[in-house]
Each structure stands twice: as structure tokens, then as C-alpha cells.
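Next come two complexes, and both contain chain A; in the first it sits with chain B, in the second with chain C.
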Partner chain A sequence: MAAKPRVAFFDFTGCEGCELNQLNFENQLLDMLEHVDIVEWREAMDDRPGEYDIAFVEGSLSTPDCIKRINDIRRRAKVLVAVGACAVQGGINGMKNTRPIEEVREEVYGKDKYLFPTLPALPLSAVVKVDVNVRGCPMTQLEFLKVFTALVMGKQPVEPNSAVCVECKLKENECVYEKGMICLGPVTRGGCDAHCPSFGQYCTGCRGLVPEPNLKAMEEILVKHGLSVNEAWKRLHLYNSHELEGLKS
Partner chain B sequence: MTRNLDINVEHLTRVEGHGNIVVNMREGKLEKAQLEIVEAPRYFEAMLKGRSFHEAAIITSRICGICSLGHQITSLKATEQALGLTVSEQTVLLRKLLIHGATIQSNILHAYFLAAPDFLKVGSVFPLVSSHPDVVVRALRMKRLANDIGEVVGGRAVHPITPVPGGFTHIPAPDELKELKRRLVEDMTPDLLATVETLKTLAGEIPVFERDTEFISLRSDDDYALYDGDICSSDTGRVADSMYREMTNEFIVPHSTSKHCRHHRSSYFVGALARWNNNHDRLCDLALQAAGALGLEPGCCNPYMNTIAQVVEAAHCTVDSIRIIDELLERGLQQEEPDQEPTRFGTGVGATEVPRGILYHEYTYDRQGRLTAANCIIPTGQNLENIDDDMKKLVPEILDRSQEEITSYLEMLVRAYDPCISCSVHMLDVDFVE
Partner chain C sequence: MDLKFLASDRVEAFVSHLMQQKTVYAPQHTGKHSVALEKVDDPAAVILDYGRTMQSVKKFFLPPRDELLSFDLTDHSFTPAAVEPLDAILLGIHSYDRAAIDRLDYNFSQGHPEKNYLTRREGVVWVGVSFEPDEFHFSGSVGISPHETAGFDAFLTRVREGYLVEVLTDAGRELVSGFELPPAERPKPAPGHFHQHIFLPQAKLNEVMAASYNNEIWAEMAEKCVGCGSCNIVCPTCYCFNVEENVDITVTGGTRERIWDGCMLREFTEVAGGEVFRGGLAERQRHRVMRKFKYLSDKTGHPWCVGCGRCTAYCTAGISIVSIVNRCVSDFEERHTTAM
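Now for the complex of A and B:
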């Protein structure tokens, strides 16, 4: 039998909720451990060795030190997986990019702003090659298990690319628009099994935009239901500022 | 003694977030002993400015995954006070149940996965899978049940979905609550007793170190205050939660991207040990028995005992969760809509005990229900000055040990506080002045 894959976990700027979600696989954790060797995980263990077959990376890049570290991880990892909205599309950290960086720094630290360097928040893919994405805020647990299993078996995982609306309809949920709420399901990438609309909440767009999103059609739905297009755009920026800036240019 | 000492632990492991321990001693004189916070600043104010009250809790819960439920509930309380939204008794009961679940999960995660490896002299929980399989399986079972409370009531344990301003978007089914209760009685309660037995065998590994300090927590006349109460200092007594700025007094230091706090002395302590010291008279019998068995006394000044206080709290939260579920089932669960019609637009404060200590959110809304000012003060930020003060007293007391032992004592000290560094560098303390 071939040696077990060497797996490592890393975190950048973010809330570490995705890592916590990995520790929350209480029912599967012992089985997962049988198939891999975890060689580095700062949040859970002391060891810090050299090379990895699979690196799971959470968080976005937002300081000069982050850029140095992610390049180093990329060099040492055969497969690099971006985990969660911050790593995949910049996520909620990208919101700070919509305002001049000097203004933001001054607002928080005042005259002491030069003590703490910062950069615009970037997804991993803006700096290094990313092999696989696990989306969501926090990362979708089912999707992580699928990706984990595929990689351990040496296969390339398939990324979902249809909208949240498709999964929501399959679950026969009442449409969120019918309840008079803004919902980002029409332009957001599925794979979460429409988790939030299934619990009575609107889709917040945390899994990023579908490929070639039809934003015009979403505006039409909003207008038809008497909802604010401006407010919907604002909510779409919450997780997707980096991607939306890219669409503009 | 004329010893020189240079300790530099870069990116301390088994804590949430990025921090370095730095100690320098020159010819017996302590020049520096501090926890440097090097987590990248988050700049949450840029995310909150002008956002709708529907989004405030969704955004602030992303300050920290481990504390996401605590941020969410605290945020909702601040928003509801600012906008004059009312919540039902059922909503309060469900929120208290969610807090119990999050507290059990966080305290158990810390005790078993982050702190226990130190007591057993291993680098992580993973070697314990083969050396102590029954202990690891028990810890996983306890964590799973605690997380299931979050999933059943909150829709998701990390960044819950259903709690919104004015109530819940989804009410759990009675059968789901009954099943949670069954597992709390049949699994969690015996697992807690077993946890106490395991910890008793490790009690000798807990360092003996004391430093008298100020303990700050919520305090309530009705229960062991977690969801709400007055702010209570062991030095100066009780004040209303609206006085939180007088109790925290944030300031910037160059070695930390997180702000520090102080009140009546040079530093103060928040978290399970502070709650224990201020509110042990409000705990249930099972929790008091656990405290007795583990040698946790009222007025305890040993920060390493914070981990023990967390286990004592897990016992209390378990018993009280069973009581809350009984009350909910007896009342009958109502499918009620959240109250989201503001009756005023102003400023509101929320204060909640989250696993790592007292958490404050304050928001101001304009007449469109959009945020114009926000302030969050995080437990770990409040503890940082206390940790530095502990280190300054501890290092001279253990100078006869080797550098490795001193380093290990310091790492264990910081871990005992169960710091949440992502939280502490949220950097959200701004009035949005244009």
C-alpha cells in the first residue's frame, strides 16, 4: 500500500471558522485520520515539518507577510486547496478594498496607523495557483468531505457551478422573494443544498458568483418584487467585492 | 541571580489566531515579558459602515468562527435595544439554549484538544487517538452533542443562520428538542462525570501560580449570568451594561494589533475563572460537585485553573439546557415571526458572557436603519494586559528552571486563557465621521 498522503492546514486573515468546522467532523474525524497523516496544523498541534501532498488553506491575504507565507506553502504543496469564502474569493475581508486603504487605517489606529502594515485583501488565487476550491462562509462541510475523499483517492473533485436557486427549488422551499426578502440565490454558486433559505434566511452570496452571472435578470426579479436593487448590490458586495471589481474592469 | 534569557515563541500553537511570546532578561533583570499579537488587522468598520440592521449580526459573527454565536447574540441584543425591537420569552429561552451549546463546545474543545496535550506532554490531540482512544472518543461525542444544539436551534454551529433581530427565522420541532434532551441526560451527563475523573488524575500537572487581580463578569439575580446581567467587578461591584466604556478603557500598545484594557488595577481577568469567582453561588449542584472534586475554590487566583472552571461551567450548561428544553416543551413551541419593525432609531448596547469572557457590542443606527457607529470590545483584548502582568510575575518565580520548561510554562499560561486572537484584532472602534 502506498504511503498515506501528508496533509497540512494553514490559516491567513479570517475568523478560523472553517478550521473549526474541520475540527467539528466529530463523527468522521477518526476515519479521516486513518487515511492521512496530518503533519502541520498550528491551531491544533505543535509540529512544523517540510513538505505536504495536500495543503488546506483558509483566510485571505492582507499583509506583506501573508504573501511570503503563501508562496512558501505553494512551493511545498503538491495540491493546494482554498477553503472558505475568504480564501476562495476574498470574502468578507474584501469589503475594506472598496474604500481607500489609508482612510481605513487612519480611522482605526489614528496616528498609530504606521505600526501595522496592511494590503488590500486578496483571494489566494490572486497570488498563487489554486487547485481546488471548497466554498462557503463557513466552508460547506459536505463539500469538504467530498473534496477530501476525492483527493485521498487521487481524483480531481468536481466544483458545483449551478445557482443556489436550483438546489432550493429541488428542496421545494418557498421562494425567499415571495416572502418579501432580498435573496442572492439567483447569482450565487450552489453546492450548499440551499442551507440558509431552508432555515428561513435569505441567501447571502457567501459561495461566490456563478460562472457568467446574469446580474441583469436578478435586477428584474428584484424590481418585479418591489425590492431595492441598490440594497441587493450592497449585499452582493459583502462576500464578493473582489470578484465584482474584476467584472467591472 | 544574573541569568540571561531570550524566549521567542513565534506563532504560538494550539490557540486561535496568531500570537508570539517574547521574554528578555539581561543579567537577572526582566526587560520584556509580553504576548505580541501579530494577527493581521481585519478593519471590520469598513464592512459595517452604512449596512442594514439585517446584516449587522451576519457581519460581526465573521469576526470569529469560534465565538460566532456569542458575537451574533450580542449583536442582536445591541440592535434590538437601538431600534426598540422586542423579543418573546421563547426567543430568550432558545437563545440561552444556543449559548449553552456554544459554551459547552468551546470549553470542551479547549480542555481536551488545546490544553490536555500539555498535561500529557504531547504536541497535539492526535497522538492521544492511539494512546487514550476512549478519552478522545468521549471528547468527540461531547463536542458533537454541543454542536448539534447549535445545528438544531441555530441551523448551523459555526455562523448560525436562524437568530435574527427580533427572534428566529426557524423554530425547532419538539421531537428534535426531545432527542437533544435524551442525549444530554444519557450521554453528556455521564461523559461530564468521566471528564472530572480524568482531570482528577491530571490535577498534579496544573502549575501552582497565583496573582491577585480584578475579575470582571456579568452578574444576574436570576441565574448564572451568560445571556444578560449587570457588569460586576470583584473590586468595585455592579454597574449597568451601558457603563461598559468606563469598565474597559481601551488603549493601544505597539506590540499588539489588538487594543488592551484596564479598569480598577493595572489589568483585569475575564472568562470562566472570573465568572466562577463572581457567580459560583449561582451554579447548579452538579457543577459545584465538579468544582469540589477538582479543587476549584471561590476566590481562586491561579490563571491555570481557568481550564478547570470551563469544565465546571460545561456541567452547569448541561443541566440548565435540560431545564430549558423542559420549559420550552411544557410551554409548547410557537411558530412566531421575528419583530423587525423599528420603533426608534438610536444607540444600543449588548453585553453577553461568551466562552472567553464578557463581550460588548454597541451600535448606532440612522433613520433608514443603517449603521452610523459601532464598537465591539472582545474578551481576549481585555485579558491581554492581565496575561502580560502574569508573565512578569511568573518568570522571576521559575528562573531556576531550564529555558524549555520556562517556555512551556509560558505557553501553558497563554493557552489557559483560551485566547481568541482573531477576535481581538477585529479593530472595530470607530465613529464614522465624514
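Now for the complex of A and C:
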């Protein structure tokens, strides 16, 4: 058998919930380890130059140092996988991009702000080429397993791109709109098996927007269900600031 | 016709009587606002007076996710999934959903007969129930009355004090035998009125739809539609699916599944190389409506829409298939009167 793929895990700006979710594969963890050699965990070490067959990267890029590190990881990795909403689309951190960066810096670091250089929160794809996305906040375990097995087999994983509503209706969940809530499922990428609506919760859009979303129509739906235009866009921004700011310009 | 009477207070006993014969699936609450066809464990949970279930009976013959086979990567063998006849009583089914199954029977027996669907279809005893048309039903416009009994073995028509029971086949007779039902004291009432109508019969619609390919309605709908695919996924006559393979984490084997798909979804028309051949929502909306009112009806003479109203009731954007079709009709008529 060919040598096991060399796998590394890295972490940028995020809550580390994704990583916890990776460690949470109680039943599958040992099987997964059978197929790969984990060569690095979290910190890229300069004294261990080397190549990775697969690099899993979570978190968004928010400092000049992040940019340096992600470029270094990209240089070494054959396949780079963005894991979780922060890495894939900038995540919640992206909300800071809607305000002037100096204002954000001052609010967080106060008078010490000059010690902490900061950038708008960026998804990995804004700086380097990303080969595969594992979406979700925290990342969707089921999708991680699918991506993991596909890569171990040397295949390109299939990225889901239909709306959350599809999986929600396949499960015959009661639509949360019927319960008087609003839901971003209609324009959010599925692949989570409609996790939140299956538990009676609305979709906050953590897996990012579907390709070519019809945002004007989504705004209309949200407004029809009682949100102001401003509130509607705030909801849409929660996980999608980076993409929406880009669409604006 | 031999018409019997089932009093409201004996419905539970009737359901129990059916449960002694076969597994029963019937409408039950799955949420405050939702009713779904589920296996009956408690006769008291059955609801015969309901608007619509989100998913139709189709789900029993063409499950949303259906394992087709499992494979073994170590010896490259595969085993087709075991498929059993449903062999059950489907109770409380509305006429339009029964009519949808006739259409799917056609779809799945044409050309290469589809074994999984046709196997599951066996052994079903159909017990229909009348419905009171709500703001979305329009099956009357496609020739399906709330009292239509075609395809049923027995049919229950709602009256104030209970149900009138029609026994329509030998299977139906067997079903009710041993359960005391007095003769009905009055004839079947007239069915309820529809609140939604398509203005033209299907025979004319084919011509209208053929002339509506370039109607502006498609672009107008594309502005409101988010392309979520709900209208396809809840439609009782949609039968498109995708096939996916899942490899176990041990990388020694896995399964091949088919999963419902729909023409409103972008991915549906994405082909190798990444090209999407019905890229716009206008083209996709047009395709969906043409599939219901033109393409399949040209071939079979029947509309492939049974007027259940689901696509409209479950569209968060409020897009109504009746309004779309009527707009095509009125534009057509306008063009023809001005031309005259």
C-alpha cells in the first residue's frame, strides 16, 4: 500500500469550536487515524519544513501574521481544506468588516490598539487557493467525514450547493416560517441535513450563501415576514459579510 | 352503490379494525401546523380532516433517500438493497394524491421499468377521504374532484356526523368485513367549492403553454424566486433524483443512494465541466411549469399537475403556479383577440 497521506491541522482566528468538533468523532476517530499520518497540529513549525498531502485549516485571517502563515501553509500543502465558516467565508468575524477598521481596533484593544495590528477578517480564499470547503459553524461533522474519505481515496469531494430547504423538506420538517420565525434556509447552502430546522430552530445561514443567490428576493421574503429591510440585511450579514461586501463593490 | 355510514365516534374503532389486518399509514400531526402520513401506532392520532400533508404518498414508493446498493471495495463486489412491497393500508388519502400515483406508475413503468418503485407499489389497499378545498387546492381545474374515487378500494366522504363509506373493490370489501357499518341514511353530498381555478381545460392549455415560451412571466417570477427547490421537493408528481455514493470511513465499502432532486435547483442542470445549461431562474421556472402543463401532457393527454397546491403553499416567496398558468392563458387570449 502507498504511504499514508501526511495530514496537518492549522488554526487561525476563530472560536476553536471546529477543532472541538473534529475531536468529537468518538466512533470514527480511530478509523480516521488508520488512514493518515498526522504530522502537525495547529502550529506550523519552521524547524519542521515538509510537505503535507492535506492541510485542514480553520479560522479566518485577521492579522498580517495570518497572511504570512497561510501563504507558508499553502506552499507546503498539496490539498488545502478550509474548515468551518470562519475559514470558508470569513464567518461571524466578518461582521467587523462592515465598520471602519480603526473603530473596531479601538473598541477591542482600547489604548493598546497600536500593539495589535489587525485587518478585515478574510476567508482563506481571499488570500490563497482553497481546494475544498467544509462548511458550517461549527463545521458540519458529516461533511468533514465525507471530505476526509474522498481525499484519502484521492478523489475530489462533492460540495453541496442546494439550499437548506431541500434537506429540510426531504425530512418533512415543519417549516419554521409557519411558526412565525424567519429562516435563511432558502438562500443558505445545504449539506448540514437541515440541522437547525430539524430541532425547531431557524437557519442563521452558517454554511454560507448558495451560488448566485437571489438576495433581492430573499430580502422580500424576510420583509414579508415582518423584518425591516435593515434587519433583513443584518441577518444576511451575520455569516456572509465578506461575500456581501464584495457584492456591493 | 352501497353506501354505509361511519359515525365520528367510531372512527378510532374503525382504524383499530384496519390495524388488525395490515400496517396502516395515515395523516397525523407532526407539528402544530403540519400533518404527515406516518405509520399508525395509536388510532386516536389519526386525522382524517386535514388540508394537505407536506409530502404525498409518493414517499412510500420513492423514498426521499433510497439506498440502491452497497459495495465492497476490498473485493469489488456489490449487493443490491433489499426492496419489499409496501403491503399496507394507506388511509385518509386525498383524490389528487391518488391521481399523482397513477402518473408516477406511468413514469416508472415506461421504457425500462423501475424495479424499486414498482415492487414497493405492491400490496397497497387504498382508503381515500374527501377534502374541503382550501386557499391552495385547485385539483378541480385538472379534473380531480374532492370526491373522486378512482384508484381507491374504499372511500370516506365527510359529512357532519361522520363519514359515508363507499366500498369500491374486493380488497375494500375484505377490509371492512367484520366491522359493523349501518347503511347511510342520505346520499353523498356535493363536493366543496374550489377557491382557485385555472381558466382553461388541459386540451386548450397545451396550445397556450406552447405559445408561452417567451412570456415575460418567467423573468418576472425569476425576480421573486430564490431557487430553493421546495416546489419540486413537495410535488407529488416530481420524480427526479440524483445518485450519490458514500464511502465508509474505513474505506472498505459504502453505499449508493438516490436522493430526490428538482429542476429548480442550479446543480440539477450542471454537467461535467461545470456548465449549467439552465442557468437562470427564469428558464428553470419555465421548465418546471412546462413539465406539469405541456411536456408530459403532450405525450399522455393528462396534465402532470394534480392541483394539490403544495408548490404554492410551501413557497416562501409566495409564487403561485395557478397565477403563472392563468397569466399565460390571459396573455394568450389577449394576443388572439387583438389579432382578430
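Here is the rule we go by: the second predicted complex is superposed on the first by the 233 of 249 C-alpha atoms of A that agree within 3 Å, B and C clash if a C-alpha of one lies under 4 Å from a C-alpha of the other, contacts with A are read in each partner's own complex, and residues count from 1 in each chain.
Keep in mind that, in the parts below, contacts are C-beta pairs under 8 Å (C-beta built on N, C-alpha and C of every residue); 3 or more make two chains touch, one makes a residue touch a chain.
This is a predicted model, so every value here is computed, not measured.
**Q** Of the two partner chains, chain B (first) and chain C (second), which one does A:213 touch, if any: first, second, both, or neither?
**A** Second partner only, chain C.
**Q** Please work out whether A:53 is in contact with chain B alone, chain C alone, both, or neither, and reply first, second, both or neither.
**A** neither
**Q** Compare chain B and chain C by how many residues of chain A each one touches, and report the one with more.
**A** Of chain B and chain C, more residues of chain A lie in contact with B.
**Q** By the touch definition at the top of the document, which applies to A:172: first (chain B), second (chain C), both, or neither?
**A** After superposition on chain A, A:172 lies in contact with chain C alone.
**Q** Is A:243 touching anything from chain B or chain C once the two structures are fitted on A? First, second, both or neither.
**A** neither
**Q** In the superposed arrangement, does A:221 touch chain B (first), chain C (second), both or neither?
**A** Touch partner of A:221: chain C, not chain B.
**Q** Of the two partner chains, chain B (first) and chain C (second), which one does A:138 touch, if any: first, second, both, or neither?
**A** first
**Q** Share the list of chain A residues that count as touching for chain B in one structure and for chain C in the other.
**A** none
**Q** Which stretch or stretches of chain A touch chain B in the complex?
**A** Result: residues 12-21, 23-24, 26-27, 29-30, 33, 38, 41-47, 62-63, 65-66, 92-93, 95-96, 98-99, 104-105, 107-109, 112, 115-116, 118, 137-138, 195-196, 199-201, 204, 231, 234-235, 238 of chain A touch chain B.
**Q** Can you check the complex and tell me which residues of chain B touch chain A?
**A** 11, 13-17, 39-43, 45-47, 50-52, 55, 58-59, 62-66, 68, 109, 113-114, 117, 123-126, 129, 136-137, 140-141, 143-144, 147, 155-159, 161-162, 164, 168-170, 252, 254, 257, 422, 427-430, 432
**Q** Of all residues in chain A, which touch chain C in the complex?
**A** Interface residues on chain A, with respect to chain C: 28, 31-32, 34-35, 145-146, 148-150, 152-153, 158, 161-163, 165-166, 169-172, 174-175, 177-179, 183, 185-187, 210-214, 216-218, 220-221, 224.
**Q** Provide the residue numbers of chain C that touch chain A in the complex, in ascending order.
**A** 30-34, 36, 54-55, 59, 64-65, 222-230, 233-234, 244, 246-251, 259-260, 262, 265-267, 281, 314, 316-318
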